[in-house]
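Two complexes are shown next, each including chain A; its partner changes from chain B in the first to chain C in the second.
Up next, the complex of A and B:
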């Protein structure tokens, strides 16, 4: 993974614009998926509304364009997204299991339609940003965010906080009786997972310069993140990397020529992995490693 | 329109009834599948969409009236449900992890994958364009309410089906078996109910009623491969408001939703229809994690 980091760091200096753009998108998905895992993989509360933070960040960037320095807006987007999560977190996290899944989905759609209504009431159909920073600058912003997301997930995964999250994932009532501050931990995980997508959304608004509400609140973004995380498996930072790379390659191959086919394959991947490989590629690798270790141990006996 | 005029308009009442009855039919299937198997079928609306396309092709190519095609399409939907149950979902239940909540989240993702496949396969096969056709659209007038024939037909068919299913659940032995599985699955096993049969028949009934709702919907509005999704959301609102697994309360909640949507849009604006729908959805889940008219049940 360290090798990958170095490769991504030097990419803008050795590759052309198209490849840099592709690398940028890869880093974006990595940042989004890692941050999603901080909540959903660690606590088991699967969020289907991750895109709401992304969209809020993008919207903030677009409405404050050329009124504030863009780096400030990027940070602000993270803060605003986290604040939104803190605001809705308490009632939203009371809901459990599959209802949480559809609630987060509904919440993202609700925010989308509210902003759509607001935009159409003010007469704006779409917005365009002029004078955005250079691609390389945007690339390094995204690189920093991907790095931040991976570090966050790694830290959470290894900390006592993460341990507490895992315990509430396995059995929330039991964790509570053992003294884990379940409500507080869930809320913290939720807020932490919201900040980075907000910043990612703001940066991507700079990249695409053309903003349409439906595009930045597209539920397919949430679904793709989930697919990448499930594909990768596990609850550490390794899984999402595998899942992101795999799905990203698939996406790049099919998106331009057969987008519908890509969606069908995505759906099929979701079904296959949920049914057969709930621990994703990481789980698959772990099982094979254990298998090999077992065979080695059996072979070592006389 | 002045508020009082809106509230007493017979026209809007009729529209609310029609919308509500179609929602009731959609929610019925969703409720049965959830009640017996604790699975939230996110692909339900896409079955509605498939039913709509089936009726469309039957009418456009063979000239078959949707009212005649309806029972056939419903049976096809039921068959699909049966096949999916035997092929896919029995497997999922067999490998279920110990935690019921996790299995439910997993099954939701499964249905989501199915939904994506259905929508995009339909878009590939039928093109993503909107489709519609004219049928039974002579206008009948009662007082100052203008009703088109197709809306009256939709209301009657949806209403009759819902009442029929309610009678089935209330009066027949098979219906009683289904209710027992909905209420307490393990106990149903103990008293000798063939739970597997109840499950596939609820799947079949659920998918069949979704397909039927699709046929009705195809008469009323234009549709595309992606128009199933709002029906899924509406179905969810209804079953959450009525309490998951509670079929009768679901019927009431569906009419309520039809009223909220129709009168809400009339009082505000058509732009806000989605805001209203999702607002109700989020509100319902946040305020009533156990359903508005829910019966108390020890199983969460």
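Up next, the complex of A and C:
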């Protein structure tokens, strides 16, 4: 993982713009998926609305473009996304299971249509940003965010806080009765999980320079994040890295070689994973390690 | 020293249904108090009210002279009260040790560092006979094992008062005998106070110094196992009209 990190850090100095752009997209998915896991993998509250924070961040960037320093806006986007999560968190986190999934999806769509309405009321169908920073600057912003998201999930996964989240994922009533302040913990996880996609959205607005509301609030972004997290498996930071790289490489290969079959193959892979490998690539690696250890033990005493 | 737990005029209504009505009793520190009664007598409701899982409609509950009505379950746990659930609620995909760690880290003990928490948890596991299972996933335990796990989690919180809801139901006679020995041991080694709901009458008679009898939400009798065994009201409730 450290090796991959170094490779990503030197990429802009050795590669052409196309590769750097590809690397940027990979880092974007990594940041989004790691941050999604902070809430959804740790607590089992599967959010289908992660894109709402991304969209809010992107929107904040385009409306404040050339009025404020962009780094400040990126930071502000994180704060706004976190504040939005804190605001809606208490009512939204009262429901569990499929209701939470549908509610988060609905919430993201609601915000999308509110902003669409606001944009069309002011007579803008789309916006174009001029004078955005250099690709390498954007790349390193995203690199920092991916690193931040990975560190955040690593910390949460190992901390007392994370143990509380895992406990409430397993059984919320039992966790609360054993002293876990479940409402507060869920809300903190939701807020932490929201800040990063807010900043990612702001940075990506600089990359695409062309802004339409439907694009930055596209539900496919939320769905892709979930697919990557499922493929990766586990609830440590290792899972998303595996899942993101796997799906991303697959995506790039298939787009180039078999664009028509892409969605079909992706669907088949997802079904295979859900049915046969519910613990994803991390689970597969664990099973193999255990199998090897068993074989080694068997070989040691014939 | 005053009572560890004091329940005064406790009542709970669900709409028109009275689950518990005007129940009062005290529990002295170190006591093992049994709670018996037919299904629907209000035993589990009593536990839910004490542990904060639901709010009473009337009355008050004092733990170490502190009113706990209105506090959340996690706050009550931090004060030193823990409960098991009649239908076990383990954290199935976590290991047995991780199950206990939650109690140790977040309960009354507040062992925030993982190393401290795990050390305390391993001691508890040894006392309840689950040490060999420490790294097994909780879902792989037998029912008897899961009941022990529930108790171990409560003890790991560092609670002073533990509410045990039918921890012997569904166990074989041999397992019941073991469980009684374990509970006696825990009570002695950790100075626990236990409130025990049980249908296994022999176990209750053997374990408890004092027994409460609930019937249709009312406290109808209170006394030593012998007194309860001879109580007219209890006999008529349990065996029909006593000629």
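The rule is simple: the second predicted complex is superposed on the first by the 295 of 302 C-alpha atoms of A that agree within 3 Å, B and C clash if a C-alpha of one lies under 4 Å from a C-alpha of the other, contacts with A are read in each partner's own complex, and residues count from 1 in each chain.
Quick note on the criterion: a contact is a pair of C-beta atoms (placed from the backbone, for glycine too) under 8 Å apart; a residue touches a chain by one contact, two chains touch by 3 or more.
Values in this document were obtained by computation on a predicted structure and should not be read as measured data.
Participant: Examine A:218 and indicate which partner it touches, taking first as chain B and second as chain C; both and neither are also allowed.
Facilitator: Once the two structures are laid over each other on A, A:218 reaches no partner at all.
Participant: Is A:286 touching the first partner chain B, the second partner chain C, both, or neither of them?
Facilitator: In the superposition, A:286 contacts neither chain B nor chain C.
Participant: For A:177 in the superposed arrangement: first (chain B), second (chain C), both or neither?
Facilitator: A:177 contacts chain C only, not chain B.
Participant: Let me test your reading of the model: by the given contact rule, A:44 touches which partner, first (chain B), second (chain C), both or neither?
Facilitator: So A:44 only meets chain B here.
Participant: Of the two partners chain B and chain C, which one touches more residues belonging to chain A?
Facilitator: Here the partner covering more residues of chain A is B.
Participant: Identify the partner contact of A:98: answer first if only chain B is touched, second if only chain C is, both if each is, neither if none is.
Facilitator: It touches chain B, and chain C stays clear.
Participant: Which parts of chain A are in contact with chain B and also with chain C?
Facilitator: Touching chain B in the first complex and chain C in the second, residues 170-171 of chain A appear in both lists.
Participant: Taking the complex as given, what residues does chain A use to touch chain C?
Facilitator: Checking each residue of chain A against chain C gives 160, 163-164, 166-167, 170-171, 173-182.
Participant: For a test of understanding, state which residues of chain C touch chain A in their complex under the given definition.
Facilitator: Of all residues in chain C, those touching chain A are 51, 53, 72-74, 77-78, 82-83, 85, 89-94, 98, 101-103, 105-108, 112, 114, 153-154, 157.
Participant: Which of the residues in chain B end up touching chain A in this complex?
Facilitator: Answer in residue numbers: 40, 42, 88, 91-92, 95, 97, 99-102, 104-110, 112-117, 119-121, 123-124, 233, 236, 240, 271-272, 274-275, 278-279, 281-282, 285-286, 289, 300.
Participant: Give the list of chain A residues in touch with chain B in this complex.
Facilitator: Chain A reaches chain B through residues 44, 46, 48, 91-92, 94-99, 101-103, 106-107, 109-110, 113-114, 116-117, 120-121, 170-171, 223, 226, 230, 260-261, 263-264, 266-271, 274-275, 278.
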